[in-house]
Amino acid sequence: MGRTHSNGYKRVSDFFPEIQYVPELKAVCSRREDKVRAFADQWGYKSVETDWKNIISRNDIDAVDICTPNNMHAEIAVAAAEAGKMILCEKPLARTLAEAQQMVDAVEKAKVNNTVWYNYRRIPAVTLAKQIIDTGKLGRIFHYRANFLQDWTINANLPQGGEALWRLDADAAGSGVTGDLLAHCIDTAMWLNGPITDVSAVTETFIKERMHQESGQVQKVGIDDACIFHCHFRNGALGLFESTRYARGHKALYTFEINGENASIRWDLHDLNRLEYFDHADDSIVRGWRTIHVTDGDQPYMDKWWVPGLSIGYEHSFIHQVADFLKSLETGEPCAPTFRDALETQKVCEAVLDSAASKSWKETGAEEFQR
Amino acid sequence: MGRTHSNGYKRVSDFFPEIQYVPELKAVCSRREDKVRAFADQWGYKSVETDWKNIISRNDIDAVDICTPNNMHAEIAVAAAEAGKMILCEKPLARTLAEAQQMVDAVEKAKVNNTVWYNYRRIPAVTLAKQIIDTGKLGRIFHYRANFLQDWTINANLPQGGEALWRLDADAAGSGVTGDLLAHCIDTAMWLNGPITDVSAVTETFIKERMHQESGQVQKVGIDDACIFHCHFRNGALGLFESTRYARGHKALYTFEINGENASIRWDLHDLNRLEYFDHADDSIVRGWRTIHVTDGDQPYMDKWWVPGLSIGYEHSFIHQVADFLKSLETGEPCAPTFRDALETQKVCEAVLDSAASKSWKETGAEEFQR
Amino acid sequence: MGRTHSNGYKRVSDFFPEIQYVPELKAVCSRREDKVRAFADQWGYKSVETDWKNIISRNDIDAVDICTPNNMHAEIAVAAAEAGKMILCEKPLARTLAEAQQMVDAVEKAKVNNTVWYNYRRIPAVTLAKQIIDTGKLGRIFHYRANFLQDWTINANLPQGGEALWRLDADAAGSGVTGDLLAHCIDTAMWLNGPITDVSAVTETFIKERMHQESGQVQKVGIDDACIFHCHFRNGALGLFESTRYARGHKALYTFEINGENASIRWDLHDLNRLEYFDHADDSIVRGWRTIHVTDGDQPYMDKWWVPGLSIGYEHSFIHQVADFLKSLETGEPCAPTFRDALETQKVCEAVLDSAASKSWKETGAEEFQR
Amino acid sequence: MGRTHSNGYKRVSDFFPEIQYVPELKAVCSRREDKVRAFADQWGYKSVETDWKNIISRNDIDAVDICTPNNMHAEIAVAAAEAGKMILCEKPLARTLAEAQQMVDAVEKAKVNNTVWYNYRRIPAVTLAKQIIDTGKLGRIFHYRANFLQDWTINANLPQGGEALWRLDADAAGSGVTGDLLAHCIDTAMWLNGPITDVSAVTETFIKERMHQESGQVQKVGIDDACIFHCHFRNGALGLFESTRYARGHKALYTFEINGENASIRWDLHDLNRLEYFDHADDSIVRGWRTIHVTDGDQPYMDKWWVPGLSIGYEHSFIHQVADFLKSLETGEPCAPTFRDALETQKVCEAVLDSAASKSWKETGAEEFQR
């Protein structure tokens, strides 16, 4: 994630020259000095730190970007907020709702700019979906479904924990696919379709034990390898979500679909420049799903890039979020999703895990995103 | 359905000349004489009846095909079994598990040949999926997901009940999408992946009241417009099922996907001649989902049809089932799915509706299909 | 082809009950008595003949359907016309333009009903393409492209000639892919986009010698294994056509696309129920190719089949042509494409082969199809 | 193009840190001072020039990147070569074969490093195609087809010429789609499948007159709006190429396909991360086109980017070419395609235009690329 964010900061001015703020890469921090120095050299950071507290205490640093494993988010964010620094935090906001609430309290008390890297909102095709939905074209919404399917942990010999595999370690990650992948799906879903009110979930851990990278011991796996839930949205729609790292053949298949009375929309991360759109208002004999190649200058963010038909990629979503964050400094408006927005997503994640553990429906308590 | 079945009986000998039994269209029955006579004329039935009991009592009739609304299945089937007639029954077997059990008891006591029209098993691509799975190529199964999405009842002015719309009338149909659409998905799923052991479901009725065709009164809608459930399979896989008639843009999108340790398979009714297959054993740099156009002579049933590349359609699945039923008369083997197999599906449907009503997980008690 | 045609005659009344004429399968003819008798038994022909002249001389036969290798078309058709019989002839009409002209002269002199089995026009999606084009929605046409790609003759050990492989034998077939596959593409193209005026072609024979089935001798291969041509249409559009039996991975990939000023259309035989349509009049941000699943009752021929979303197959195009032929007997209108229409296609085929042989552009002399 | 190249120079070190050379953006040149200064500010060029000769004469500049309209390529390149500068030149190399030859002579005499921006070779999926072909897996090659379809010049009110629309002006561009789009297709084709030996082409100019931006006069349009040609490759394969700017619905649809005896490959710029691959060696019942999502670390260039499943875009091909160019400085190997390679492509373009003008086949004289 350090690379996608760094790339975002370095490219934003080339493609968004109208933005007055220009990020400066003052310092990068990581515990291993050799690695962090190499990273700083490669990416042009002016200094390195091996203790994140030094970042917080430096006066030449205005904004902190938290890309650590999830178990460090809260402590760093609270300290950064107290030091008056802007914060950009990787998702999920925290391991637990309690941690997340603490972080929200801290940034709101300190009144510091804050945002969370739910980057998929800023894939142009996804932003276009939001624009279409906001026109009201879909009418009453009946269904929302999303999944995020991967297959990279099927091998039982893959260890858990350590620098590369902390996502498999419940202590570091908080949860498995729920916090890592479903959190993305939930953020997009509530952005597009409003709050999820209650959930019924099931989780599964297919490989029960794995060697831990750091201890070398075979230990119980504490994360959810897969999670499925259905739910209600406040607007009356039914929702359906699934995530797994055991779907052979899918590398990072994040898809969502929304079905309204008058129109439907779907999207797929493996073909991220396209949006599919069905409009029941089309003449019946020529009615069908449209495949929109979202690469024209009148489509979101695409006036910044190439000519129609020429694709952009995954990392552009981060550049867009940097751009929007910088613009928010100019306008004084929050840069969504804020920590508070991410708290709503966290409520749903927590309810999902609670529901799976208790085998019962759970209310989420989630509210509308602010925007 | 009368047309697809009649077509099946009339075509089977042309394409399966090796089968010794040749169906004779002795009689067709329906309450309205003018309509049934017209149908008989069109399709070449030799006589008509307006009371189904006459069919049962006729000695020149060996087999009864039940295409009525679901509320008539049990009574007719029990009577037919007692009269020693072979029975081919439309799906779902019955409105309720109790009715279905009665029917199974009747055919088993009478030892009459029986089968249920879960026709999608006999789409060649679906049959091929079964063959591949039976080789063991997929390894341990992690996930099974299926949906059946339609959009034909979104219009709130559509009435319920009567001849054309009995599927919207809970008395006639028993349930909505659960019995009509999910039953197909469950039959395929348990055929491919074994018994579903427990389920957690949610249902929704989006349009709460509709005029009834027969009474002319606006009445409460008793059926489920949409149903979603997740579940466990006995083999440890997680399952996910969704069906609705409110997914704008989808006419009859029945899809399923199965993810194993080593390979995955998916299929889509809108493109029914194709099967998608992912084999992790392929060389990594050229590994990808394969789109198999299932139209070659060495693929299931396709030696009966055209040259490679030339498609068949929906109704062929019925012709194949007629062929297999006739062959079963020669071999003495049951023609799957039998009433008993369909009972297992009925158990899952009933557990799904119970789960949705009680907002809790339910055991299904379903067993392996016999085959 | 005998099977697809027979199936057409036998199914038409079931699905088009409004048509007063009902085909009777009086006789089937083939040189080998055992084979033709088996075929007659399977399909329900009332008698068999082993000399086609007997068919012509029988008074109980009103219509003759010619499914022989191409080298027999002209002789049979001329005799049948002289005997006053209606003729349905497989495509291409003949091996050469001269033969085709003779056949046209014969049917026009005899004033007998006639049609040629360019069946792809009557795939509902293709018929829908025609309807859309006829509305003028596409505006000025710039491009038409089509290909028909197969891969079944790549194996060098495949013999030529004989009953099964006469398509590889230049004497029997007249040409290779040009008459067999491109003829289909040309018929559709001129139906949709008007006459092709001049062509520039290249042909190739990749496997130069093959054993002949009948002689057992290794002989020079006389047919074109592949043929490509570009051309002008009378309306100013550029055309591009390609056919081959050496495109590994394509079983029967017939596709066409037409690009107009305002809209474009494309189609693919491997997914024959779908039509793709692009309408530039759509709002720019939601503009894209539409995938139309042509299975609704208001789309061509589809009121005769199943509910929306349920596919039909290849053979249905023949049933539709039988239906239209029978209707033409009621209305007195010709059933397109007539022999005269097929003559126009033959002109283009001949010009294509001439162009390839002479390595120069050739005028086709083709005229508009009759309606 | 200035943006894609500048982006390439600025990003290369972030993603290819192992390369010792780091581009410095010394100067950017354009005739309009205000525009070039704004561009320099945006992209971080250290100085600006408004006369390209100043670039040539500056001693602090080692490499010149030519992004001008085609009519300036030769003069600048020859001067740069004589000044001993490395040259990276936009495609097509020149307007005519004569100009191109001059440029090749100049760089070869001066022995300066040189490359031409046929960037599509370095889309990872395309590079993977090359790797697969080089293994010999395809066997004897029968067919190669490519097209490049756009729709941006359909509007008859679009003017020609000037800064933005020089591609429509024959003086500036040399030709229309042949040099602009088919040149890409030809470069890829000869890289993958060897020299094209002879061609038969047709061109069309659909809009005959357009207002010229600079003169304000309505003038004859001199470019080819569309060009189609078929050809032979030296290896015996048939080729088919089409390009147009009048294919409504296609923004930048560059596709190619190659059919070998044993396997086939195809690719599509609108979905550039995917490669489709058909391997006849697969078991027949599960044989089908594979869709390879080329985003894994063992696929070309992809170890530099993100995790599997996450896409890259169009501009990455330029970053890859910069990387390969810089590596070529380390290794002393040429960076393909060199000016000499591009000359071979130019020979084919010239033969294509000659063929279209003379309505006859033309030999190309093209040779193997050096690599």
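A, B, C and D label the chains in the order they appear, each numbered from 1.
The definition used in the following text is that contacts are C-beta pairs under 8 Å (C-beta built on N, C-alpha and C of every residue); 3 or more make two chains touch, one makes a residue touch a chain.
Predicted, not measured: the structure shown is a model, and the values here were computed from it.
K.L.:
Determine the set of chains touching chain B that also touch chain C.
P.N.:
Intersection of chain B and chain C contact lists gives A, D.
K.L.:
Going by residue numbers, if over half of the contact pairs line up, that's a repeat, so tell me which of A-C, B-C or A-D repeats B-D.
P.N.:
Copy of the B-D interface among the listed pairs: A-C.
K.L.:
Can you check how far apart chain A and chain C are, centre to centre, with Cα atoms defining each centre and the answer in Å?
P.N.:
Here chain A and chain C have centroids separated by 54 Å.
K.L.:
Calculate how many whole Å lie between the centre of chain A and the centre of chain D, each centre taken as the average of the chain's C-alpha atoms.
P.N.:
36
K.L.:
Which integer distance in Å separates the CA centroid of chain C from that of chain D?
P.N.:
40
K.L.:
Specify, in ascending order, the residues of chain C that touch 2 or more different other chains.
P.N.:
250, 274, 289, 293, 296, in rising order.
K.L.:
Can you list the residues on chain D that touch chain C in the complex?
P.N.:
Within the complex, chain D touches chain C at residues 142-143, 145, 151, 154, 200, 202, 204, 206, 226, 228-230, 232, 236, 238, 240, 242, 244, 246-250, 259-264, 278, 280, 289, 359-361.
K.L.:
Where on chain D does chain A make contact in their complex?
P.N.:
Answer in residue numbers: 3-4, 6-7, 10-11, 13-14, 17, 41-44, 150, 152, 250-253, 269-274, 293, 295-296, 305-316.
K.L.:
Considering only the defined contacts, which chain C positions touch chain A in the complex?
P.N.:
My answer: residues 128, 131-132, 274-277, 279, 282, 284-293, 296, 298-299.
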